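Letters A, B and C mark the chains in the order given here, with residues in each chain numbered from 1 onward.
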Amino acid sequence: MSEPETNPVEQPASPATPSSTPPAAKPATTPPPAAKPVPVKEIPPFEKSIADKVEAEFSGKVKVEFVKENRIRIKTSKEDVVQVAKFLRDEMHYDHAESVSGVDYPAEKEIEVVYHLGSYTDPQLANQVLALATRAPREENPNPGFDSTRLPSLRDVFYSVEFHERECFEMLGVFFEGHPDNRRLLLPEDWADLPPLRKDFRNKGR
Amino acid sequence: MSSTSLPPGLQIEKVDERIMTLNVGPQHPGSGHMRIIVKIDGDYIVSADPDPGYVHRGEEKMAEYRNYILNIPHLERPVIHDSCNVLYPYCLGAEELLGLEVPERAKYLRVIASELNRCVYIQYWLAIYGIFLGHSTMFMWPAGDRELLIDMLEKMTGARVTHSYFVPGGIRNDVPANFEDMLLKRVNYFEKRIKEYAAVFAGKLSREDAIRLGTTGSTLRASGVNFDLRVKEPYDAYGELDVNVPVLKEGDSYARSKIPWLDMLESCNIIRQAVQKMPKSGSVRVKLKPNPKGGNDEVYKRVESGRGSLGCYIVSRNTPEPYRLKLSVGSFRNLICLPYLLKGEKLGNMPAVYWSLNYWPVEADR
Amino acid sequence: MLKDLLTPQNANVFVGKLGDVLVKAVDQPLGYAINWSRLWSLWPVHIETACCSVEFGAASGPRYDVERFGIIEAFGSLRQCDLVVVQGTITRKMAPRLRLVYDQMPEPKYVIAMGACAITGGLYFDSYNVLPGIDGILPVDVYVPGCPPRPETLIQGCMLLQEKIKRLKAR
């Protein structure tokens, strides 16, 4: 269970290679499928420049995990996440969060929370989505709200994460410090089981 | 009140004599499948607190037990009347993970199907809006005209609403012969019909707030932000089509209900263009290995659905099943502006404001 | 002879007997009339529970028009309703509310379980938040299978319910 590398992970070639007409919807930057082994995808320059800017500002604190076409993923620790988010909002003009998803990694004893940030104000960034990932420690016997699974809330930076963080809290038990309203959102009021999206919660019969 | 002694998620209400708390829903003609807890002072809403989750079915958890093909039917259930669009980001994501290239004809058929579906969705939405406003004709007209396009979708896919038409690697089957002519005839008639439709001024959302709250879809575009993924991040065949997205500046309920209506006209245009440009024959689907495995990767794909941008985040860890799948749906993102919009409104305006957000509770709950 | 029988002591018994005879004579036509009026004006409650409500909406639309069959569109308040069409998935959060709605309705009341989800849990058989069918909380009269059922199927289900009401004893 290794992390995605910095360079885009190359896909295994599709099993039944179709007699592919050239993909017309994609921009012309797609490399020609010349060499069969490991056709190196070039890293798109605009995305690279954004990632470089963030890396230059927070050298050592953030890790750029991949730069793909229109997608960047940045990982940071939970201490720095508010600062990085503020920087992304003020300097890079990402103005809203599209989704906040928690991913449980029981093997690494961590829960990852990924903020997908987008921008409406900057037309250049319209097709960009930046994934800002951070990790919280995970406990074997969760007690949502009272254990060490905590992250600082980004609600003051991006107002739009409010409900997403509430959902993340009940689904994975990640308590967001500084969130004004960490109430239950989707689950029934009397839910007393594990947070359902953790990996050790099994659906019945599975 | 020592709120610290209670676990988060529970709370004790303070009682005020002047402010009345009203539970609207889930059994209420003006709420749909959710509850809105409104506090009213006389006739004015002091605060509104949406309480979704009545249709939370744990789709994201279920997706972790099913492989990429088996995930199709239940992932379109959140919005069955917009089922092509809700599957779209999932299919795009799965294609990227599995390394598939969609045939050209399938791309156009996908565009046609999703635009038809958008019209069907918006018609239903308008019809329910009619119920919310207590306007019978506004229910009957869209509900009737909707069937025209449902017929077309039925010809295409074989089902009235739950199509399961998109699969990773293309679409399930080709359209029947003569489909294009029928489609154009219906679309032209449909366009004539909806031009005959010719509501409500409340709940103003300014441009800045629409951005700050991270709204999407018609809610965003009614507030003057020109953002539509069909233009900004064209997927499949949308890059070759000419899409003019309607944008209004007013930001009130009327604008928010007008945008989908204008969207339908635009959809008719797009369908006509797509039928013209579509390759007349060719394969529509890439063959898949049984139980295909995604690599050690993650994707986030988004499309413009009837309710706004709809994102699908798939984390794959070398297994046939997604490791984590998250749908970031437009309804859920628009829900956040409900408390904001309802504050200070009259109670009677609540259904109009609420439904104008283009909100479908089943989708928001997943 | 009648005078002998009608003593003050057994007048009560006599009247009771007379009533029995009367009921025997009138009960059937009266019950028939009551049932007849019930079955042509079924008022469904406006409670949508999941995605099947889309097809329920389509069924009340102009093309399918269930009103022809005496199923009135779901507009009323639940105090006037006598039919619950459970439109799909019942989650754990919804189940108590559904029962509450059912309990508040006046007798007699009928339940149609619409869609695979309401019958067995359907697609969501292994979900953690979905009830495996509503039989556990409501007495179901008619099951309408499908995911979602086509409006025609729903109409057929309603007609079956009407058949059933016709044969029920009117209370």
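Assume a residue touches a chain if its C-beta (ideal position, glycine included) is under 8 Å from a C-beta of that chain, and two chains touch if they have at least 3 such contacts.
Just so we're clear, the structure is a prediction, and the values are computed from it rather than from any experiment.
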Touch-based graph of the chains, sorted into line, ring, star, complete or other: complete
Innermost chain, where centres are averages of C-alpha coordinates: B
Far-end chain from subunit C, centres as C-alpha averages: A
Chain centre separation (subunit A, subunit C; CA means) in Å: 49
Euclidean distance of C-alpha centroids - subunit A vs subunit B, Å: 22
Inter-centroid spacing, subunit C versus subunit B (mean Cα positions, whole Å): 33
Subunit A residues counted as touching two or more neighbouring chains: 187-188, 196, 201, 203, 206
Touching two or more other chains - residue numbers and ranges from subunit B: 53, 56, 58, 61-62, 65
Residues of subunit C touching at least two other chains: 91, 93, 126-129
For the subunit C and subunit B complex, residues of the former touching the latter: 45-51, 53-55, 57-58, 60-63, 74-75, 78, 89, 91, 93-94, 97, 101, 123-124, 126-130, 147-148, 150
List of subunit C residues in touch with subunit A within their complex: 91-93, 125-129
Subunit A residues touching subunit C - in the complex, by the definition given at the top: 187-189, 191, 193, 196, 201, 203-206
Residues on subunit B engaged by subunit A in the complex (per definition of touch): 7-11, 51-53, 56, 58, 60-62, 65, 96-101, 103-104, 107, 211-216, 220, 225, 227, 229, 232-240, 282-283, 286-289, 292, 295-300, 302, 309, 311, 313, 315, 317, 323-324, 326, 328, 332-333, 335-336, 365-366
Footprint of subunit B on subunit A - complex, ascending: 1-2, 4, 9, 11-16, 18, 20-21, 23-26, 70-71, 73, 95-99, 101, 103-104, 114, 116, 120-121, 126-127, 129, 131, 144-146, 158-164, 167, 169-171, 175, 182-188, 196-197, 201, 203, 206
